[in-house]
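Okay, got some structures for you below.
Look at the two complexes coming up: chain A is in both, with chain B in one and chain C in the other.
Here is the complex of A and B:
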């Protein structure tokens, strides 16, 4: 197990390095020169241009710039922001570093249990009106675009009834609407998966045996059947987390939350490449760490997986 | 499931701990929006609008603006031109204190000028106003840090000498800073201390969240009646208006994409402030790059070939006015008597035919270029010129930084663009955008008589005489159809009924020193 975890961790480092290379290369192909964006109207000033290029190390050959970038990652500053005068990328991102992961993890912690409960509920009543109602409700939940849903919620809960703040960050109340918006799609996803897996499991012999020996239906469902859906469900958590991280881009912009998602959008528009690259790297790290945890978790949950992996 | 619930509860409590406590709302704090973080909060590197919105409350120059947008003395009480016209002697205001408690005086003005010019400091917008000062180039080149042309005569008297006449120098919007601040707080003082004389002190900048200012009790103009100003950083204009509706903002500057929502909603009618923006807009035609532009008839045909009123309604939701000159209302030297430029497709077609291009036949293809946010404008122009004049115009959308570089280099043949005034005098527009030698003369229109008038105006201290020169110069530009003036944007702001003393001028909000918030 420890050997396996170490091997996976080493693999992660490779993934991160690849992310660094890809973002660095991609930025070179984005149209527009950050120094020109910085100079704006003063782009005729060749002296100033030369000075800025030297300040940001952009006058050096690309391979050297890449090594510089690696050095800045290693020293934890991540280089200088283009948008903010004399400010390191670390100082730009540090205030909002955990906001997007907090949003995503809160949403997962609500969406997965909720989705499982709804899925079991629907599976138990397969093809009844209750099943149809749950699935229909969830499908319409995903179908409404998140920005439209957000506008509706803000109008109702903040402007009309004044129970929640429109936007911002800092109190638990600020978390309610953004999380609600984030929770809907993964809940629907988890519920539908749970329903399908449950229907499959309920057909199996051991469930028939459990029922035959007279166990109460609740025990059959929760102790025997549901446990067998956990492994396939767990594998989807990593995917859901990725979806939620990208969801924070939209949600943070709508609800004016000073997290990395909103900062990423601002930095892209401001041609602040060092900040953009760092956020891409951090999101890659969050995503890959969550996936590693998920993988480790199901090797723990399912002995068969553990066995195959240690042999390989 | 039980374990899951426990975990959830655990996470919720951990979350409550990591979130900072709810901001205590103070009744006497004015809350307003800015749509991005300022790029800086120091008066030396200062080079963009949002930083200006914040810093106008913290720093002051020789002069300020009143609620009508007129120039009034601020840190200078009076000034006298030198006899040769090549400089000024300023009498500075006495009894002015910096936020540090130190007294403001002539040495601080000289210090500010030098800091703007020292090469390693990356002096921003305000450095450009020092070009004519004697010795400025030597400081810029790093040969000295002493600005020769500026002399501290005594504590409150300052002498400034120029290499050539610069009558508007006293109204340039400098932000004078405390010469003792670096010694006290070190080179990175800007986010730790406040170095101005304005009605508010810089208190804190929480990146991505807000910039906080607090009232300066010793302000020379009288202590503000509010405790402070909080600029909340709200990138989405729509969100800002919702926050205003829900009472989370007291004052909101409405962005152009949200104006439609505000103008259409009757509940905002009595809470709205409007003012034209001090920004000219024009359609640039570079005669060096497109042969037909050399013919004045073609230029006129283009200028009367689009409908300014239709643009105001269709493209700007009514929040704009047609512009018939190259000075905007509210800027000194504006000529209100300029004749309207009609939309006259018939005459436009006739002119084109006279120029040898009946129905646009024989006109080479051309692109009209702008950035993505203005794609609707160029789509309108392209459609209008091809359908009405038969001119083969295509739309070209480009990235901003490189577009500006190409325009500065005179490499873009046909483009709509604008220019925002840095100070309230028409010379800003005329000398920067249409004066021959200016880098910002992006369509490279050139006229010797126009240039001579601008040079004369730069040395004409008498305001009335100077305005007459502007009007004459502007007429030369318009009579030559050197460009097509297009529209001027209308700024819109919302102010809650319990807030008083907030003024919107062509130069955005006045500092909030006179604002009052009641319960």
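Here is the complex of A and C:
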């Protein structure tokens, strides 16, 4: 198990390095010269141009620039912003650094338990009207993109009934709508999976045995059957988290939330590529850490996987 | 060789339509999808308005008998734009599917068939792309290439082909040691022929399921990029951009955001139901 964890950790570092390479290479493909964009109306000023190129390290050969990039990631400044003069990328992103992860983590903490409860509810009533209604809701929840959902919810909750603020950040009320919109798709996804897994588990012999010995249905469901759906559910947490991180880009844009997702999009329009790439890199690193934790968790939980992974 | 035991193997697709009709998901989904496709093809005949014609004097009209879904900030007819937006969505998703199915199956088959460094190269590339959250990788590509229809197609193709390649590889690996493949190899059939004649027909069904589920994802991703402003650009109408424009006007003129969201939501539900239905019908694992 420890050997497996060590191997996965080494793999994680490899993925980070490749992600760094990809973001570096991506910036090289961006059309146009960032220094000329910075100079704009003073584009004839050769001295200034040379100084700016030196400041950004763009006068050096590419391999050296890559080492600079690595060094700036290592020291936590992430280089200089193209949009704000004499400002490191870290200073640009530090204000909203935690907002997107907090939104994503809050959403997943609500979505998973809620989805499991809904899924069990539907599975217990398989093929009834309640089940069909839940399934219909789940398909809509999975299908309708978050910004389309936002249009309906903002219209109803903020404009028609004025129970929640339209946009903004700072009070608990401002948190409700963005989290609600982030929560719906993963809840529906988890509920649908839980329903499928539960229906499978409920047909197995040990469930019949539990029922036959007169155990109350609630205990059969929650103590015996549900436990067996946890490992397959756990394996999907990584995918859900990736969706939530992407979702913060949309939700922060809609509700004017000063997080990294909105900043990344703003920086694309401002051609501030160091900021965009840093945010993409940070989100990818965060995503890979979550995936690693998930993999280690279900390896530890399921003896079958644990044994094969350790042997392999 | 003895004749294979008759009826079941003789016509493998014979009960497809029967099972398809019995699947509620597949039926509802295909009705919605058929409606969306028909609207995209013939919808423009229903409306007398030009979807890109600007008329600032008629901006933000509420829905009435001339403009069924009202007008937008530039006085353009929302219904015409939604119909055309559907066409744009479908064209983009079909292009992405064509590109990714081609690249994904070819690379996946090569990886599985040749193994060695070909396999390593393809699968490590797949792993790297999988390391990024899907949409964030698409945003990265779109940021580099600059907005536009071609950008969206390239960005979404780059995100979507690895899944096809990985699926193809695992399917082909499963077939690799089947008798008819071994027979083809020892009789000296060239690799490209083995792939086309023997592998491809045997992996089509799961690929169709994957593709039909993919359409939903691609439409959603295109709409998201356009919503964020880094996808398809004006004057080309897209549902994502229409929802963005409508959201800022939700208090006074909600019709734009609501109708565009409705169109996108219903289309997504249709494709997802169809995908689920096809999976139930075609995937032998979930078949009872």
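Assume the second predicted complex is superposed on the first by the 284 of 312 C-alpha atoms of A that agree within 3 Å, B and C clash if a C-alpha of one lies under 4 Å from a C-alpha of the other, contacts with A are read in each partner's own complex, and residues count from 1 in each chain.
Everything below uses one rule, namely that contacts are C-beta pairs under 8 Å (C-beta built on N, C-alpha and C of every residue); 3 or more make two chains touch, one makes a residue touch a chain.
In this text the structure is predicted, and so the values were computed from the model without any measurement.
Colleague: After superposition on the shared chain, which partner residues are touched by A:253: those of chain B (first), chain C (second), both, or neither?
Modeller: After superposition on chain A, A:253 lies in contact with both partners, chain B and chain C.
Colleague: Kindly classify A:31 by the partners it touches after superposition: chain B alone (first), chain C alone (second), both, or neither?
Modeller: In the superposition, A:31 contacts both chain B and chain C.
Colleague: Look at A:168 in the shared chain and tell me whether it touches chain B only, chain C only, both, or neither; answer first, second, both or neither.
Modeller: Once the two structures are laid over each other on A, A:168 reaches chain B alone.
Colleague: Please name the chain, chain B or chain C, that touches the greater number of residues in chain A.
Modeller: The partner that reaches more residues of chain A in the superposed model: B.
Colleague: Regarding the shared-chain residue A:264, is it in contact with chain B (first), chain C (second), both, or neither?
Modeller: In the superposition, A:264 contacts chain C only.
Colleague: So, A:215: does it touch chain B (first), chain C (second), both, or neither?
Modeller: In the superposition, A:215 touches no partner, neither chain B nor chain C.
Colleague: Once the shared chain is lined up, is A:159 touching chain B (first), chain C (second), both, or neither of them?
Modeller: Both: A:159 reaches chain B and chain C.
Colleague: Regarding the shared-chain residue A:296, is it in contact with chain B (first), chain C (second), both, or neither?
Modeller: neither
Colleague: Report for A:283: first if it touches chain B alone, second if chain C alone, otherwise both or neither.
Modeller: So A:283 only meets chain C here.
Colleague: Touch check for A:144: first (chain B), second (chain C), both, or neither?
Modeller: Second partner only.
Colleague: Do chain B and chain C land on any of the same chain A residues, and which?
Modeller: Common interface on chain A, chain B vs chain C: 31, 151, 154-155, 159, 166, 253-254, 265.
Colleague: Considering the complex alone, what residue numbers of chain A touch chain B?
Modeller: Touching chain B from chain A are residues 31-41, 43-44, 48, 51-52, 83-86, 91-92, 95-96, 98, 102, 105-106, 109-110, 112-113, 151, 154-155, 158-159, 162, 165-172, 175, 222, 253-256, 258, 262-263, 265-266, 270-271.
Colleague: Given the complex with chain A, which residues does chain B contribute to the contact?
Modeller: Touch list, chain B to chain A: 1, 4-5, 7-8, 11-12, 15-16, 18-23, 36-37, 39-40, 42, 45, 47-48, 119, 122, 188, 206-209, 232-236, 238-239, 242-243, 245-248, 399-402, 404-405, 408-409, 439-440.
Colleague: Which residues of chain A touch chain C once you look at their complex with the stated criterion?
Modeller: So the residues of chain A in touch with chain C come to 15, 18-19, 22-23, 26-27, 29-31, 139-140, 142-145, 147-152, 154-155, 159, 166, 241-243, 245-246, 249-250, 253-254, 264-265, 268-269, 273, 276-277, 280, 283-284, 287-288.
Colleague: Mind listing the chain C positions that touch chain A in their complex?
Modeller: My answer: residues 127-128, 131-136, 139-146, 216, 220, 223-224, 227-230, 240, 243-244, 246-247, 250-251, 254, 257-258, 260-262, 264-265, 268-269, 271-273, 276.
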